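My questions all concern the structure below.
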Amino acid sequence: GRRFFSASHEEIAAGLTTDVYFIKTRETLRAEGVAEAHVVAEIFPREDGVFAGLPEVEALLRGRGVKLWALPEGSNFAAREVVARIEGPYDRFGLYETPILGFLASSSGWATAARRARLAAGGKPVFCFGARHVHPAVAPVMERAALVGGAQGAACILAAKLAGQEPVGTVPHALFLILGDTVQGARAYHRVMPPEEPRTILVDTYKDEAEESLRVAEALGDALAGVRLDTPGERGGVTPDLVRELRARLDQAGHRNVTVFVSGGLTPERLSALAEAGADAFGVGSYISSAAPIDMTMDLKEVAGKPRTKRGRIPGRTPNPRLVEVL
Amino acid sequence: GRRFFSASHEEIAAGLTTDVYFIKTRETLRAEGVAEAHVVAEIFPREDGVFAGLPEVEALLRGRGVKLWALPEGSNFAAREVVARIEGPYDRFGLYETPILGFLASSSGWATAARRARLAAGGKPVFCFGARHVHPAVAPVMERAALVGGAQGAACILAAKLAGQEPVGTVPHALFLILGDTVQGARAYHRVMPPEEPRTILVDTYKDEAEESLRVAEALGDALAGVRLDTPGERGGVTPDLVRELRARLDQAGHRNVTVFVSGGLTPERLSALAEAGADAFGVGSYISSAAPIDMTMDLKEVAGKPRTKRGRIPGRTPNPRLVEVL
Amino acid sequence: GRRFFSASHEEIAAGLTTDVYFIKTRETLRAEGVAEAHVVAEIFPREDGVFAGLPEVEALLRGRGVKLWALPEGSNFAAREVVARIEGPYDRFGLYETPILGFLASSSGWATAARRARLAAGGKPVFCFGARHVHPAVAPVMERAALVGGAQGAACILAAKLAGQEPVGTVPHALFLILGDTVQGARAYHRVMPPEEPRTILVDTYKDEAEESLRVAEALGDALAGVRLDTPGERGGVTPDLVRELRARLDQAGHRNVTVFVSGGLTPERLSALAEAGADAFGVGSYISSAAPIDMTMDLKEVAGKPRTKRGRIPGRTPNPRLVEVL
Amino acid sequence: GRRFFSASHEEIAAGLTTDVYFIKTRETLRAEGVAEAHVVAEIFPREDGVFAGLPEVEALLRGRGVKLWALPEGSNFAAREVVARIEGPYDRFGLYETPILGFLASSSGWATAARRARLAAGGKPVFCFGARHVHPAVAPVMERAALVGGAQGAACILAAKLAGQEPVGTVPHALFLILGDTVQGARAYHRVMPPEEPRTILVDTYKDEAEESLRVAEALGDALAGVRLDTPGERGGVTPDLVRELRARLDQAGHRNVTVFVSGGLTPERLSALAEAGADAFGVGSYISSAAPIDMTMDLKEVAGKPRTKRGRIPGRTPNPRLVEVL
Amino acid sequence: GRRFFSASHEEIAAGLTTDVYFIKTRETLRAEGVAEAHVVAEIFPREDGVFAGLPEVEALLRGRGVKLWALPEGSNFAAREVVARIEGPYDRFGLYETPILGFLASSSGWATAARRARLAAGGKPVFCFGARHVHPAVAPVMERAALVGGAQGAACILAAKLAGQEPVGTVPHALFLILGDTVQGARAYHRVMPPEEPRTILVDTYKDEAEESLRVAEALGDALAGVRLDTPGERGGVTPDLVRELRARLDQAGHRNVTVFVSGGLTPERLSALAEAGADAFGVGSYISSAAPIDMTMDLKEVAGKPRTKRGRIPGRTPNPRLVEVL
Amino acid sequence: GRRFFSASHEEIAAGLTTDVYFIKTRETLRAEGVAEAHVVAEIFPREDGVFAGLPEVEALLRGRGVKLWALPEGSNFAAREVVARIEGPYDRFGLYETPILGFLASSSGWATAARRARLAAGGKPVFCFGARHVHPAVAPVMERAALVGGAQGAACILAAKLAGQEPVGTVPHALFLILGDTVQGARAYHRVMPPEEPRTILVDTYKDEAEESLRVAEALGDALAGVRLDTPGERGGVTPDLVRELRARLDQAGHRNVTVFVSGGLTPERLSALAEAGADAFGVGSYISSAAPIDMTMDLKEVAGKPRTKRGRIPGRTPNPRLVEVL
């Protein structure tokens, strides 16, 4: 039996995740003897955003005898701009319309959100902590897209590996809940971690965040890299004033090098206010992971060398000098 | 080399899609000798919705020596209601917090949207056509969740297989664009399809939808099951008035049995109005596929038999008689 | 018996359309021997707008022994600006307050709307097609006022004649409905019309507008001047995207000289968007014809050489150097 | 030369106020030999309202060899309900589409506003004082329509005559401005008017309305029927509190039978509040006269006995049992 | 020299806080010999509210030879209802219009706010803590009015004395800031206070509120009556979730009798939510103290036995059976 | 017995208007032997405004052995800016926190409103007429604060005296109601007043304001300084148009030197419009008197020479170079 519902790479490549009507179309066109008609197809998005997902499209089409042009991975695009063009016999790629659009729609949605988060944070580092909100099969896809869009690092192990980075993470509430005290947890963590790993300790589990931060700073001394604030909404969340107060209290106690890392329900509005209040870095989860895919549409624009398309679209190739030859 | 970025079933089961801080927690707790502490963890959602994703959680935890209680797959849940409880030594499942929450958050988001679509359609059949908006690795997960939530069928081949159904689909614009005429395409399709397959023909590619519907109905006669309207937004989309007019014209021409299937940017508001105007069935795409995951949170509530949790939560188990023993 | 309820020119000149209290006033003042009191009356509008209707006021007052100053026909005016002044014995004009105000209020309302439509269309020609929304007795008044305000032409035969123009019009849906096909109707029209009459054919009666436009362009060749889009709201109305697509398809087929004329529910917002999308000319109906009259008020400001007026107004003449002597 | 721009009854009957494209259609159809095609045309409104204007349509079509069904004059109608149907050879009535729709659109707009004013006034009498806002050629049409909708009387002499009533009116500011005092004006008016004419005196020209009312009541004694309040907006308009105070002061001084008549910028909201405060009757001007015409559309629905119509409409006759045979 | 700017009781009684134009009026009327004219004056409010301040009006008018009727102290009143009537020679009270209205306007404003707070709290006790927002001369007036309106007690020493109560208060942040620890402060306070004084300790000065509450409960044992939450806005304020969590943690630790007292920026909306979450009592400050005075107007309604009043009011006494004879 | 509820100067100085918990704090700290701890306290407002009330704070603290720094009386301040700092042994001033904050909060609220009124009036004189809305004990405090904020004069006798000015006032409606006619009242007032007192007569008691103004101007001739408009809301209030008309009528009658003074429900929006329309001066009541106190907070920031404060605030002195040494 199958353990999980997600599709394997082989199933994707075999076309099993496509909409069944493309199978029916293939059968019909083959019976009519026109399945190999030479066509030009173009893909355009419905909104502005950041282009991502191209390597998977390329992997899917490589070796199938079609040409592919596209914007470079990570480019900004405008609503309705043509972001990719495929040319070749229809039978070589028609079946893959569903996964091609899916690769681009989902990764572009995540990359766009990550770029907006980064801009809102005024360029301070943003880390993607959204894996817990998406199916694990796409957690690495999502975090890779966030890195394309501008995230500094990712928490998911596989995503970091795909990007040739080390995964980024501190410690969860569970560590302190099991050990029963934040300072005791911080000391245990400090003993175990290799020296090069920065010590950033979560300080909102049991006590007032400012009090706990000072306790941890005293306990770890110069070894402490930062503190993480993740105050839940039930307690008012992390406010800009809390960041300002914590920064001042750390400084007054001589801990000027201890950074303040904030996580928990961060949106562009909150990122701006918290960055302005002195927070140093951010873990962004659902703002990135819940970003809606950016709807992509593929249209045939030429058939057998003639402009032809459906009602509502303009026949023929749409010139876009930003497209680059990929295949 | 790896072709796609999505995680395989083996990578998921090996914990490679989890956030790295759970690895660090495991190492720290093991060094402290408390990794096997007996804990109770509870999962709750942030909004109302429909519960889905449980079979994958069960598959992940089976055989790991923990107990699991949960709502039955497909149940409605309220914001902050406990939907699942895990009990056992922390080391047996702590690492999997990220994928467990991801399974539930993503599938519950999609199931919830599907249920809302079905209700808006007044119980008329809704088919999930959203695969093109999501990464192909999760297309079957998404469509399966939509079936749990109330969709009648799915277009994605693998999703239908997982649900023991036949995939559902008509024909895309591409078929008619290559063949050059809708009636010619309809005839070709009719010749090729097996007899039991219903003939539902897309009628907005070239001509006025009403005119094309009548041409197709004349051409296929009693063999025609339905017509599909997918008029693009550039042409005003499918309006309730168009459905009313088309229904009347089909009836006047004696095609009372031809059904009207609508797709394209359907939301609950539009589903209600179109169902009321006489549409018979619907293909819903981005409303389901773009549904945000429903944020799920896992909290430790007991450690070593004692109520304990973090600030902002109430320590101890939260009674919920709706939970059913799963493992 | 009388066929219609509208007043004839003679009835208007005889004061039969005035409010009866002016008759009672005349009787009372005559009995008191003061009916010939020398007075100054001023007229002001309640909103900004375009001044129209003066020739009818002049015709009514000519030969009655009063002086008249006014803004030139077609001037812009500001709210509360004095737009006309009458001086003379009260008995010579007091009875006509109702029709004087009515001439100015109604024509200024229509002229103002026409000017706004013209500005919204970015200077492209706007034709007044609103006669069907007003009583036929005032249809020529309305369309003449629209010409004063900036419309390029009018559809109503009598209005055009009053303005020394040819009436403007293409062909209605009825022609094609009776002949049963748009191309057949276009050919019949082409045969009958004199050579100097431009052929602009309505293309939304039966078929998709783009398809029909190309059929008509093929059928009439160089003789075709333009196509008219009047798609009803039930089919989404005329969208800017439809204009863009139609323009592109006409151009690709070599019909670059065929213009696109749009009608149907046009407002300033839609005029701007459609002009920007490439439409060449517009037929504007209810936006002009339904324009509310611009409320005009006449106040006595001097009686027997002394400043006198009612509570709420400032006694005496209001200086306005823009007024020109008319009578 | 022509004095005014409005069309005479003869010009209307001769089709000179129609849109020119109906002339062109007639010529084309005659050349094709199908001008006498037997057709069914239906007329429907775009909004809810009160049906008016039918007698003029009947006068125009009588004797032309067509059948006419319609709602009874003064009926309520719903948006999109068929309000009239014409059947016969197209050439007999096609030319008159413009004036037919214009009769109905304009009178129905005015009748609808009058009915709303009457309802807002809680059934107290409302008089139409709007002639000064419309072209004098349609002043009697407008006031007649207001009477159909529910107005109690009209100020325009010709309108009242058409309705077989006496015109209604009090006295304007001009009377008092020329005579120099309200009491002096009231006395003069009282001397001149025939005994059966009710004396209602305007009391806001010079003095505080309550003070002036009491002066007039003392001067005219039992002869005084009512006072009219028409306080201009510059002085705060007529407020419900002013009506209450005036009523109390009249009663305290023993003038219980003197009624309070209000005019000036009355809308349904103000009518409700003033009626509730004790005002007895109302003169309504621009709310009725500025009412937008209710857009009416005529569609061919059958040609030569077959259902046929344009895109966006449903072919064939629309059943409506409320229609009554007129011709 | 004078230390403070507030008026003494003697200055008030001497008329020194009145508007100077009443002095001028007195001089003018005396010179005319009509200062002793017998008049009836009535007082009405501009909004709904709770009537308070009557004892001070009574004290001011007693012995001056006038009659006084009023609503009973603490009554609800409606906008424009007559709440008091004074009858007698004008010279005996005319000078005091300013202080009479001031007594009633200010106390009624505060009493009204207190009643709204009490209703929002669902009947749980509300204490007035607003003295710090008003001038000390009126702090006792304000808190007395709050007691009239429904507050359970007051913090201001003098106000409690005026009401024959003990003042209510716990301990401020300053106590703990000087002693350096909340538990140490609580113990000191416990040693000093007399046994009958309930111990309610402020728990948000240094530590997490739940942690501090449990420390204090352990330290004082059964002697602890309650804890006070006053979390500042910079830390998210007191949320309903914090109250729920604190209640649960106190109960789990066996401190079921310890009550939860909330203060800090409480409005009716927050009072409702916090009462519903389990808070037991409330300290309300600026919502009561910043309540705008309820504007009171005094009008002469009779002079020398005849109805007479100014424009805008109805002459003569306004019947109100709820008025009670006071003087 | 006590006549009024307000506190005397002696009661304020004795600490009787303070919140009782400061008494309990004193007892506790004395018992602990730390009552004389050296502390620094700072006061900050919650909103922007104008600083007032300092002389009363100074009077309260003088001679108590503490240092005081503050902004100068009448300064603008920003939200959260430190406006005052007190340093010394806690026992010397801790008890007075309630009255200190009350002095500043209430006077700053009134001064801020007065400044806004003055700015809205474009610098034309604004007089404070709000005494009738506040308790008489604080009427002089309020009007003095208004003078600090920018009012030109005050109506309350005691307030004017405190400011070394003459109180400002014209005549109330009562004068004219008792005398029965405005002109008669104006003549009586003119006979009695000393020559240097300007004659400003209230003109809305009985008659139309413009008519009454002209009657009064004729009666008093050059002796008339101004007229006051105070038209009640029941009659539409004072509108800018009324001011314009009155100005014009006075000028036309040769009374160019008669000023127009407006009172009654004036807000910044109305002040701007009326000043622009030509009003010369204004009496502002409830806009100033109902201004909410500006919430002031006092925090300990140092104890025994060390930065220390409560959660939510930043420990230690906040630098503010605008503070000036007072004590």
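Each chain carries a letter (A, B, C, D, E and F) given by its place in the written order, and its residues are counted from 1.
Throughout what follows, a contact is a pair of C-beta atoms (placed from the backbone, for glycine too) under 8 Å apart; a residue touches a chain by one contact, two chains touch by 3 or more.
This is a predicted model, so every value here is computed, not measured.
For chain C, the chain whose average C-alpha position is most distant is E. A count of C-beta contacts for the chain pairs C-D and D-E puts C-D on top. Each chain gets a centre from the mean of its Cα atoms; for chain A and chain E, those two points are 56 Å apart. Centres computed as Cα averages put chain A at a distance of 58 Å from chain F. Computed from the mean C-alpha positions, the centre of chain C lies at a distance of 65 Å from the centre of chain E. Multi-chain contact residues of chain A (touching two or more other chains): 206-208, 231, 233-235, 241, 245, 311-313.
According to the touch criterion at the top of this document, the contacting chain pairs are A-B, A-C, A-E, A-F, B-C, B-D, B-E, C-D, C-F, D-E, D-F, E-F. Residue ranges on chain E touching chain B, taken from their complex, read 208, 210, 241, 244-245, 248-249, 252. Of all residues in chain C, only 206-208, 211, 231, 233-237, 239, 241-242, 245 touch chain B in the complex they form.
The touching residues of chain F, when paired with chain A in their complex, are 307, 311-316. For chain B in complex with chain A, the touching residues are 2-9, 11-13, 15-25, 27-29, 31-32, 34, 37, 39, 55-56, 59-60, 90, 94, 97-99, 101-103, 105-107, 129, 131-141, 144, 155-158, 160-162, 167-180, 185, 188-189, 191-193, 204-207, 231-235, 286, 289-290, 292-293, 295-296, 299-300, 303, 308-313.
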